[in-house]
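As written, the chains take the letters A, B and C, and residue 1 is the first residue of each chain.
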Amino acid sequence: MTTLIAILLDGAIYASWLFLVAAGLTIIYGVMRVLNMAHGSFYAIGAYAAAATVGWFFSGEHGNPYLSYLLLVGCALLAGVILGVVIEQGLLRFLMGRDEILMVIVTYALLLILEDATKLIWGVDPYFAYQPYRLLGISDIGDILRFANYDLALIAVAVFIGLAAWFVLNRTNKGRLLRAVIHDREIAIAMGVNVNAMFAATFVIGAVLGALAGALTAPAISVTPGIGVEVIVLAFAVVVVGGLGSIGGAAAGAVLVGLSRSFAVHIAPEIELFVIYGVMFLVLAFRPQGLFGQTLARRI
Amino acid sequence: MSAILETRGLTRTFGAVVAAMNLNVRIDQGEIVGVIGSNGAGKTTFINMVTGYLPPSSGEILFDGHSVLGRQPRAITRLGMVRSFQVAQLFPKLTVLENALVSLVAAEGPRPSFLCPLDTPQRRAKADAIFAEFGVSRYRDVLVSAVPQGARKLVDIAMALVSQPRMLLLDEPTSGVSIEEKFALMDTVMAVVRRHGVTILFVEHDMEIVARYVTRLMAFYSGEIIADGPPKSVLGDARVQELVIGHHLDINALGVAA
Amino acid sequence: MSFPKHLASSTGSAVAIAALVFAAGTWVLPPWLAFLLTLAFAKGLVVLGVVIQMRAGLVSFGQALFYCIGGYIVGLASQSLGISDAFALLALATGAGILMALACGWLLTRYREIFFAMLTLALSMILYGALVKSSALGSTDGFNVAAPSFLGWTPQGDAQKQALYLLSVAVAAAVAIGIHRFMVSSLGRVIEAVRENELRVEYLGLSPRAVLFSNYVVAAGISALGGGLTALASGHIDPDMAVWTTSGEFVFIAILGGTGHVFAPFIGAIVFSVIRTFAIQEAPHFWQMTLGVVLLALILFLPKGLWSLIARDKPAEVAT
C-alpha cells in the first residue's frame, strides 16, 4: 500500500514535470507546425537564469526568502520573452510555411547556437539554487514516506498551467481563434485571422513555458551544461504519446509516461529508461497519431 | 458479356455524410461509362473505394468476378484496374521521362532491382512510344512541375496505362484543362483506350464531352445513382436535369453518341 | 535531386581515380592528416546512410544508432570472440546494422517527416541509455579496441596506421561505387519517386513502405560499416557514438555536402573534419555555435549543399 502511494505520488510529480516541459513544445507545434528542437535550450536557459539569480539572492541579505519564488518566475518570463521574440522575429517568421522537417533542422541549428551561448554566459561549472527547494520543507506521509513539499507544489503548478491553458483556449476569444488556427490553418487565414501575430504570440508563450519549466526545476537539480539536450527528447516522447499539438494530449502523455516510469523505478529500476520509450513505441504501434491526435486522410 | 467490375450494396459514410449509398453497379467488358454528378455527389468516393484507397462501410466489390475488398491499391493495380486523379498525381521534381521510367519499371513487377539501372535504352524506347501516342514528346525532358496542366493530365493517364490494365477509371480527366484542349485530350485518350481494348469509366462535368464519347451514363446525386443507362435517356431524365445538370438540356443539340 | 547524366556514367572511373590519388597519399600525407582522412572516410560512410534516406525524403536524426552498433560489434567481436581480422570485423558490423534495421524498419517505415526524425532519435537514445548503464561494456567510458590484422598480416606502428588508412580508402571507394549503382538502379530511382508522391507509387503497383524499408536497411548497413571502421581506426568506442548530437552531426554533414552525388558526403565529411580540427584548437567554446550558424546559412543560402557548387544544373525546368 505504501509502495503504491509512493509510486502514484512519484508518478504524479514526474508527470507534472513532464507536462511543464512538454506544454510549450506542443503548443508551438500545434499552432506553427514547428517542432522546436531548441525547446530544450529554452529550458536550460530558464534554469541557468533562475539558478544564477536565486544564487545571488541568497548570497546576501536581499529580503524575504519567499521572494525567491517570484524571482524564479520572473527569470523565466524574462528569458522566455527575450528568446521568443528574438528567434521568432529574427528568424522563424522568414521560414514559416516551409517543410516541417526543414524547421526541425533550423531549430536544431538554434539549439547548437544556444548551447554554446549558454556556456559562454554561465560557464561550465554547475549552479545550485537549492534554497527555494529546502524552504518549503518536507511532508511525512504515513510512517515512512517523505516528500519534498516543493515537488508536491510542482503538481499544483502543472495543474494550474494545464487549467489556464484550457481556459484560454476554450473560454476566451483569442483562444478560440488559436484553436481555429490549430484546427485548419487555411480556413483560419481565409477567415481573416492574423496568423502572423498568432504565431509570434504562440512562440513567445511556448518559450516562456519552456523557460518556466527550467526555472522551476533549477532548485531541485544541479544546473549543468547538457540538461536541455536530455529534456527535448523526453518532451518529444511525451508529446508524441499524447498526440502532437494537443495540450490535453501532452497532459495525458505526461501522466502515462510519468506513472509508467514511476512503476518501473519502484519495481524494476533497471528498465527505467526503456519504459519511457517503450510506452512511446507501444502507443505509436497502435495509434500512430498518438492518444489525442487525429489523422487526416489525404483527399484525392 | 461478362462483368469486369461489379459492386453490391457499396456504402460509405463520413460521419453524418453519406458519400455512397447502396451502390449496385455492373460494368461489362468494353463499355465506355460516363459518370456525372455535382461536387460532393460521391463520384471520387466511388473510385476511391473500388481501387482500394478507401474501405467501404459495407458492401462488396468484385473485379473480374473476384472480391477485391480489403486489398491495397497496389494489389488492385496489379490485377489490372488502374485510375487517374482529379489532380494529376505525378512526381513533380522528376522529368516526364523519369516519371514514365518509374511507371514502366513498376509495371514489370513488384520488386524493382537494386542493381540494374532504371534508365535503359529499352525502357526509353517504350517511354518514347508512349509519349508519341499521347502527343507529349516535347515535354520529355522537362520537370513535371513545369509542364502545363493539360499535358500533366495526359501524362497522369499515360502512367496509369503503362501497365496495360483491363479497366481504367478516370477522375475528371479534363478538369483544369482549357476548353480548347479538352476535346483534343479526350480524343487522344479514347484513341489509346480503344486500341488497347480497355474498359473505361470516367467522371466528367462537361455534358458535350459526355455526350460525345460514352456508351453508357451514370448520374450520381448525394451518394446515390439516380439514373443509369444510354446517355440519351439519362440526359433526358427530368430528375437528372433538375438535380445534376441544373437546367433543361436540349439533348438533340449535343449530338449524343449512338 | 536525381543526378546529372553526364556524371552518372563516369562516376565509377571518377571514384577509382579519387581512390588511387588518396591511396598514393599513404606515403606522402603527414600522419595527422592521414588519420583525419581515415576517420573522415568512415564518417562519410555513415553520412551516406543519412543521404540516401534524404533522397527518400526522410531525415534520420538517429543514424548514430547504427554507427554505434557497428563500433560496438567490432569492439566486442575483437575483445570477446578474439576475431582480429579487419575484414571479418567490418562484415560483422555491417551485418549487425542490417539485422537491427530489419527489426526496427517495420515500425519506422510507417512514419514520415518529423515523426521519422524523432523516432529514429529515440531509438538511438535507447541504445545510448543501455550502454551507459551496462558496466560490462565500460559504461560511459566505453573500452579500447585492439589493432586489427589484415588477412593474417599484423602490421605494427606506422604500418598499422597506413594499413588502416588504405583500408578506409578502399572501403569508402567500394561503397561509393556500390551505392552509386544503387542510386541509379530501378529501386534507387523509385525511392525518389516515393519522396515525390507515395500515392502515385502505390497506384503504380508498388509498396512505398517496402521501398523505404529496403532503403532504410541499406542505409543502416553502410552506417554500421562506417561505425566499425571508426572503431578500428580510433581504437576506442564509447556510448557517445550513439548520442543524438552525434546523429545531428551526421545530418549536418549531409546538408553540408548535399544529396546530389555519392561523393558529396565524403567531401562534406572531409571539410567538416578539417574545420573541426582547427576550430577546436582555436575556439573550443564556439564550435557548436559555428556549426549552428553554418547550418542556418546553408539552409538559407545553399540548400543543395557544397555539391551544388560543383554540379551543373538539372535538365531544363521550363518547356521550350
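What we mean here is this: contacts are C-beta pairs under 8 Å (C-beta built on N, C-alpha and C of every residue); 3 or more make two chains touch, one makes a residue touch a chain.
Computed from a predicted structure; not experimentally measured.
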item	value
Between the pairs A-B and A-C, the one where more C-beta pairs touch	A-C
Chain with minimal offset from the mean of all protein Cα atoms	C
Centre-to-centre distance between chain C and chain B (centres being mean Cα positions), rounded to whole Å	44
Where chain A and chain B are represented by their mean Cα positions, the distance between them in whole Å	50
Intercentroid distance (Cα basis), chain C paired with chain A, Å	33
For chain A, residues that touch 2 or more chains besides their own	300
Touching two or more other chains - residue numbers and ranges from chain B	89
Sequence positions of chain C contacting 2 or more other chains	199
Chain C residues within the chain B interface of the complex	1-2, 181-182, 184-190, 192-193, 196-197, 199-207, 210-211, 214, 218, 314-320
Parts of chain A lying in touch with chain B, wherever the complex brings them together	297, 300
Partner chain C, residues of chain A touching it in the complex	35, 91, 99-102, 104-106, 108-113, 115-117, 119-120, 229, 233, 236-237, 240, 244, 270, 273-274, 277, 280-281, 284-285, 288, 298, 300
Residues of chain B that touch chain C when the two form their complex	51, 72-74, 77-78, 82-83, 89-95, 98-99, 101-103, 105-107, 110-119, 138-139, 141-143, 145-148, 159-160, 162-163
Chain A partner contacts - residues on chain C that touch it in the complex	59, 61, 107, 110-111, 113-115, 117-119, 121-123, 125-126, 129-130, 133, 199, 244-245, 248, 251, 255, 285-289, 291-293, 295-296, 299
